[in-house]
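Structure incoming, see below.
Order of writing sets the labels: A, B, C and D. Residues in every chain begin at 1.
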Amino acid sequence: MSVTPAEPVAWPAGKRAAACFTFDIDAESVVLNIDAAHADRMSVMSHQAYGPLVGVPRLLALLARHDVRSTFFVPGYTAVRYPDVVRAIVDGGHEVAHHGYLHEVLTGMTPEQEGVILDRGTDVLAALTGEAPVGFRAPMWELNWHSPELLAERGFLYDTSLMDADYPYELRVGATGSSLVEIPVQWALDDWEQYCYLPEISGSGLIESPRKAAEIWRLEFEGLRAVGGCFVLTNHPFLSGRPSRAAALEELVEHVVSCSDVWVAPLRDVAQHVRRLGLSPRSVERPDPADF
Amino acid sequence: MSVTPAEPVAWPAGKRAAACFTFDIDAESVVLNIDAAHADRMSVMSHQAYGPLVGVPRLLALLARHDVRSTFFVPGYTAVRYPDVVRAIVDGGHEVAHHGYLHEVLTGMTPEQEGVILDRGTDVLAALTGEAPVGFRAPMWELNWHSPELLAERGFLYDTSLMDADYPYELRVGATGSSLVEIPVQWALDDWEQYCYLPEISGSGLIESPRKAAEIWRLEFEGLRAVGGCFVLTNHPFLSGRPSRAAALEELVEHVVSCSDVWVAPLRDVAQHVRRLGLSPRSVERPDPADF
Amino acid sequence: MSVTPAEPVAWPAGKRAAACFTFDIDAESVVLNIDAAHADRMSVMSHQAYGPLVGVPRLLALLARHDVRSTFFVPGYTAVRYPDVVRAIVDGGHEVAHHGYLHEVLTGMTPEQEGVILDRGTDVLAALTGEAPVGFRAPMWELNWHSPELLAERGFLYDTSLMDADYPYELRVGATGSSLVEIPVQWALDDWEQYCYLPEISGSGLIESPRKAAEIWRLEFEGLRAVGGCFVLTNHPFLSGRPSRAAALEELVEHVVSCSDVWVAPLRDVAQHVRRLGLSPRSVERPDPADF
Amino acid sequence: MSVTPAEPVAWPAGKRAAACFTFDIDAESVVLNIDAAHADRMSVMSHQAYGPLVGVPRLLALLARHDVRSTFFVPGYTAVRYPDVVRAIVDGGHEVAHHGYLHEVLTGMTPEQEGVILDRGTDVLAALTGEAPVGFRAPMWELNWHSPELLAERGFLYDTSLMDADYPYELRVGATGSSLVEIPVQWALDDWEQYCYLPEISGSGLIESPRKAAEIWRLEFEGLRAVGGCFVLTNHPFLSGRPSRAAALEELVEHVVSCSDVWVAPLRDVAQHVRRLGLSPRSVERPDPADF
C-alpha cells in the first residue's frame, strides 16, 4: 500500500497560491435529475431558471468589473435550454466545462452508462462553443473509480471532483500510464450548503446570511493562500446570483484580486500549468475489501 | 426556445426600487392541510393561533406607526375562524389577498381541483371584505403550469409565487394572449426558514436569532434596491409576531421607509403600476421532456 | 365562533412584566420514552445523567447567587432515580412541578391513559416533597384538548404548555365553568433547539454557541418586557448545565434580575397571582372539522 | 439507588484544570462502516483520505509548534491503510489509542462481537507502535454497559466515551472490584457537528464557520477551567485539517497553552495521574426497567 499525499506545486512567476472562481449552471437539470416529475412544478422550475436568466448575467458583469476569467460548468440540458447564456459566457472570455447532461449523479453507473452521458454533454457544448470541453466536474462531486480513465480516453485535460489535497496533481489513470490533472475541491467552498432550500427537494431548511458564507470562504482562502494551495470556490448562479449574495461574492473577489501573490485563473489555465510542470502521476487506490 | 429574462421596470416618479411587506396568515390552516389529525393537538393549534390572535394586531400597529400599507394573504379557513382579524386588516387600509382555502399545496392538482379551491377561498374573502381578492400567492409558493390561466380567467390581476426575476413582469397566460402580473419572491425573503419549529411537522429543528434573519433581509433589500428591483418580504404572524422578531422587523421597516428612493406599497399597487406600464407579456416555458 | 386573544394582566406593585426561569429535568426519561431499548446505550444514558448529577447542582448554585426562585419540572422516573436531586431542589426554595412519569408525549392518548400518568407522576413527587405538585408542563409541550379538564379535576392550579399569548390567562375548562391558569411558552425560549444533539435520537445535528442562544433569549426578554408579558425560559440541565452554557445563562439571569420593573418568580407564584386577579376565563376552541 | 456525581480531582502541582487535544483519524473507516459499498465512491473516499494525507501532517506540525502532546484515536483499518501516518504520530511524541477496527458502532453488540473488534484493533496498533494501546474511545461515543469490563480485562487503563461529568473518575467495572479511568467527553466539544457534510452519509447539510466552532470550544474551555474540569476536544483531521479550520484550532491551542493554570496533556497522562490519586471507584447504574 502506498497512498501518499499530493505535493505542493510551483505557481507561475511571483505567485504563491492560486484562486479559481467557478460556477455550476445547474439550473433545471439538477432538479429534473432528482425526479423528472419536478418539471410539473412551475415555481420550482422558476427558482432554478433564475440562475441562467438573472444570475449568470449579473455574475458575468461582476467578473468583468474585476477582470477575472472563470470556469462555468454547464450541464448539456442547460445549454440546450439556454444557448444564449452559454454564448455570453464564451463571449466574456470564460471557460465552459462539462457537468453531465442532466446533472446525473454517477454513483453506481457502469462505464458504458457514464460514457453515454459524457459524450452527450460534450456534443451539446462543442456544437455551441466550437470546441470540446477539456474540464469535467462530476455532479454532486461524485466520481467513480473508473471515471478518470473515461475522461482521459476522451481527451479531457482535467477533473475537479476529488477532495484529498490542497494542491492540484497529476492523477494516474488506469493501467496505461496516462494521467489526468486533478484540481481538488471541498464542500465548505460551495454555496449550496449555505443558501439552498427547495422544500422536499434539497436543503436542511435553513438559509444562511451572505456574510457568514463569505466569512467561511475568505478564511479558507487565507488558509490555502498561506500554504500555497489552490482555492477553488463553487457558486451556483441560481443561488449566488441573488443581489446580496453576489455583493458578498464581489467583496471576496475584490479581496482575492488585490492579493498580488495569488494567481487568479480559470481551471483550464491551472490545469495547463500543472501539465507543463511534468509532475509524476500520483496513484489513488480504492480501499481493498480484503482489509475491512 | 426563447426563455428570456424579465426586464427592469420603471417605478413611479423619483423612485428607483420598490418594497412590499407581506404577511401570510397561515394560522391553523397550514398545519391542518398537512394532516387534519393535527387538530387534536391543542398545543400545536395554540402555536398557530398566536398569529391571528397576537401577531396580527401587533404587526398592524407596527405598520401603522410607519404609515406602511401591506398585503395580507389569508387562507379561507383562517378567515372563517378569525373574521374579526380580517376586518381589522381591512380597517388598517391593507390589502387582503388569496392564499388557498386550507393552505393547499397545489402540486399535482388538476385544474378542476384547483378551481374549486380558488373559488372557495374567494367566496370567503369576498363575503368578509366586500370585494374579490385580486392577488394570489400559492401555498408553499407551488404554482402549477396551468395555474396562471385559472387565475386570469377568474379576474385576478397578479400572482406572487414565482422566483425567476428581480422585477415584476406581465406573464403570458395560456394561448389567449391575456396575461397576469407576476411579482417574484424568493426563499431567503421568508421568515419560515429562520424561525419555524414544530416537532414532527415542520422545521429543521434550529431556531435563529431575529438579528440574523434581519441581516439577511436587509442585505437583500440593499441588493435589490441597487438593481432597481422589487423587494417582497414574507412574514408569518405566528412567527414574526413574537415580540423580539416584530422588533427586528420594525427596525427593517424603519430603514426601508427612510430610503426616499424606495416605493413602499402593497402588492396590488405594484401590480396596478406594472399593468399600466403596458409591458409586453413574457413567456415562461415548461421544460420539454423530449430534451432531457 | 369567538376566539379572542388573552388580555394583558396587572403585575404586582411596581412591576411591568414577569420572568420565570424554569428547568425540565428530563434526564433519562425523555430518551427512554422514545425507545426503552436506549437504556442499553451506556453513553446515551450518561449524557442524560449529566443533568441531575452535574447540571442541577450547578444551576441551583447559580440561582442562589442571584436569589432567584425557580420551577423545576421533574418526570416521575427522574425523581425515582435521583431522589436526592429533588430534595436539593426543594431545599433551595424552588418549586417542583409535574412533567409526566417518563416524559410521555400525550398526543393520541385517551383521558384514561393520561390520567394514569398524571397520578403516577404526582404520587412520586408528593412522596418526596410532601405535597402534590400544582403545576404541569406537558412533555414536548403537547397538550390534548381534554388535558386541562383532567388537570383541573386533580387540583392543579396551572398548566404551562400552550403558545397562544404573551400573558398568562384563566383557561376555561370543559363544560363545568371551572378554569386553570395557563402560562404560555414558546419554542424559541427553549435550549433544546440550540444545544441538543443525540445521534439517531434527537437534534438537527448542529450545535449552537451559548452566545447565540443567549442573544435570542435576551432579545425576546426585552420584547416581552416592553409589552408587559411573562417571559418563561425553559432550560434542560443536561444541556444548559454544561459550564459555558450555564455561564451564558447566568449573564441573562443577572440582567433580568437587574431590571427593577420585572417580577422574577417561580411559575406557581405567577399562577397564584393570576388566580387572585379573578380574570374571566378564556375559551380556546378546537378547530371544527366541518369548517375545513 | 445511589447514582452520585463524580468528584473534582486534584491536578498536578500548580494546576487548576486540564486540557486534552484529541484527534480521531476516522478516514475511510467511518464511512465504510456505515456501508461498505461507499468504497465505490471515489470522491467520498478522497474526502476521507484528506485526513491522514493532509490533515494529520498539518496538525502534527501545529502541535509541535506549541509543544503540545496529544492523543490520536486510530481505527485499525486506518492504520492498515496509512501505516506511515501512525508512525509519524508516534514519532511526534503523541499517544496512539484504540478507536475500533472499522469505526464499528458498538450498540447492540454482544461482548463476544465486541471483543473480536477490540483484539483486532489492538493487534494492528501494537504491531505498528510496539505497544498495545491503553486508551479507548468508542466510535460515535457509543459504549455498551458491558464494554468497560471488556476493556479492563484487556488491560486498558482508560476509556473516554461517557458524558456524565466534568472530571475524570475511576469507573467501577463489573462485579470484580476492578476499575477503569473514565475521561468524559461531550458533543459540543467535537468538530463533526460544525463541519461535516457528506451527502446521504452524514451531516445536517449545513457547514459552519471556523470562528463559530472555535467560539463554542473556547467558551467551554473557559467554563471547564473555572470549575477545575478536564477539557477534552475532539477533532477529525479530514475536517479540522483544512487550512482555515486548523488556523482556528491553532488560535485555541495557543490560548490554552498560554494559561499557566491549565495542564495540557495527552489522555494517557491524565489517566495515569487519576489512577495515582487512588480514587474510590464510582458506580454507574443501568436504568432498571422495573422503574419505567
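Here is the rule we go by: a residue touches a chain if its C-beta (ideal position, glycine included) is under 8 Å from a C-beta of that chain, and two chains touch if they have at least 3 such contacts.
Keep in mind the model is a prediction, meaning the values are calculated, not measured.
*Asks:* Taking all residue numbers at the chain A/chain D interface, are over half used by both copies (same) or under half (different)?
*Replies:* Interface between chain A and chain D is built from largely different residues.
*Asks:* If you average the Cα atoms per chain, which one ends up farthest from chain B?
*Replies:* Farthest by centroid: D.
*Asks:* Using Cα averages as centroids, what's the distance between chain B and chain D in whole Å?
*Replies:* Centres of chain B and chain D (C-alpha means) sit 50 Å apart.
*Asks:* Chain C to chain D: how many Å between their CA centres?
*Replies:* 35
*Asks:* Considering chain B alone, which of its residues make contact with at least two other chains?
*Replies:* Residues 204, 206, 208 of chain B touch two or more partner chains.
*Asks:* Can you check the complex and tell me which residues of chain C touch chain D?
*Replies:* Going through chain C, the ones touching chain D are 28-29, 32, 36, 39-47, 49-50, 52-54, 57-58, 77, 80-83, 101-102, 195, 197-199, 204-211, 242-248.
*Asks:* Along chain D, where are the residues that touch chain C in the complex?
*Replies:* Residue positions touching the partner: 1, 3-6, 107-108, 138, 140-145, 147, 161-166, 184, 186-188, 193-194, 203-204, 206, 208, 212, 215-216, 219-220, 222-224, 226-227, 229, 284, 286-287, 289, 291-292.
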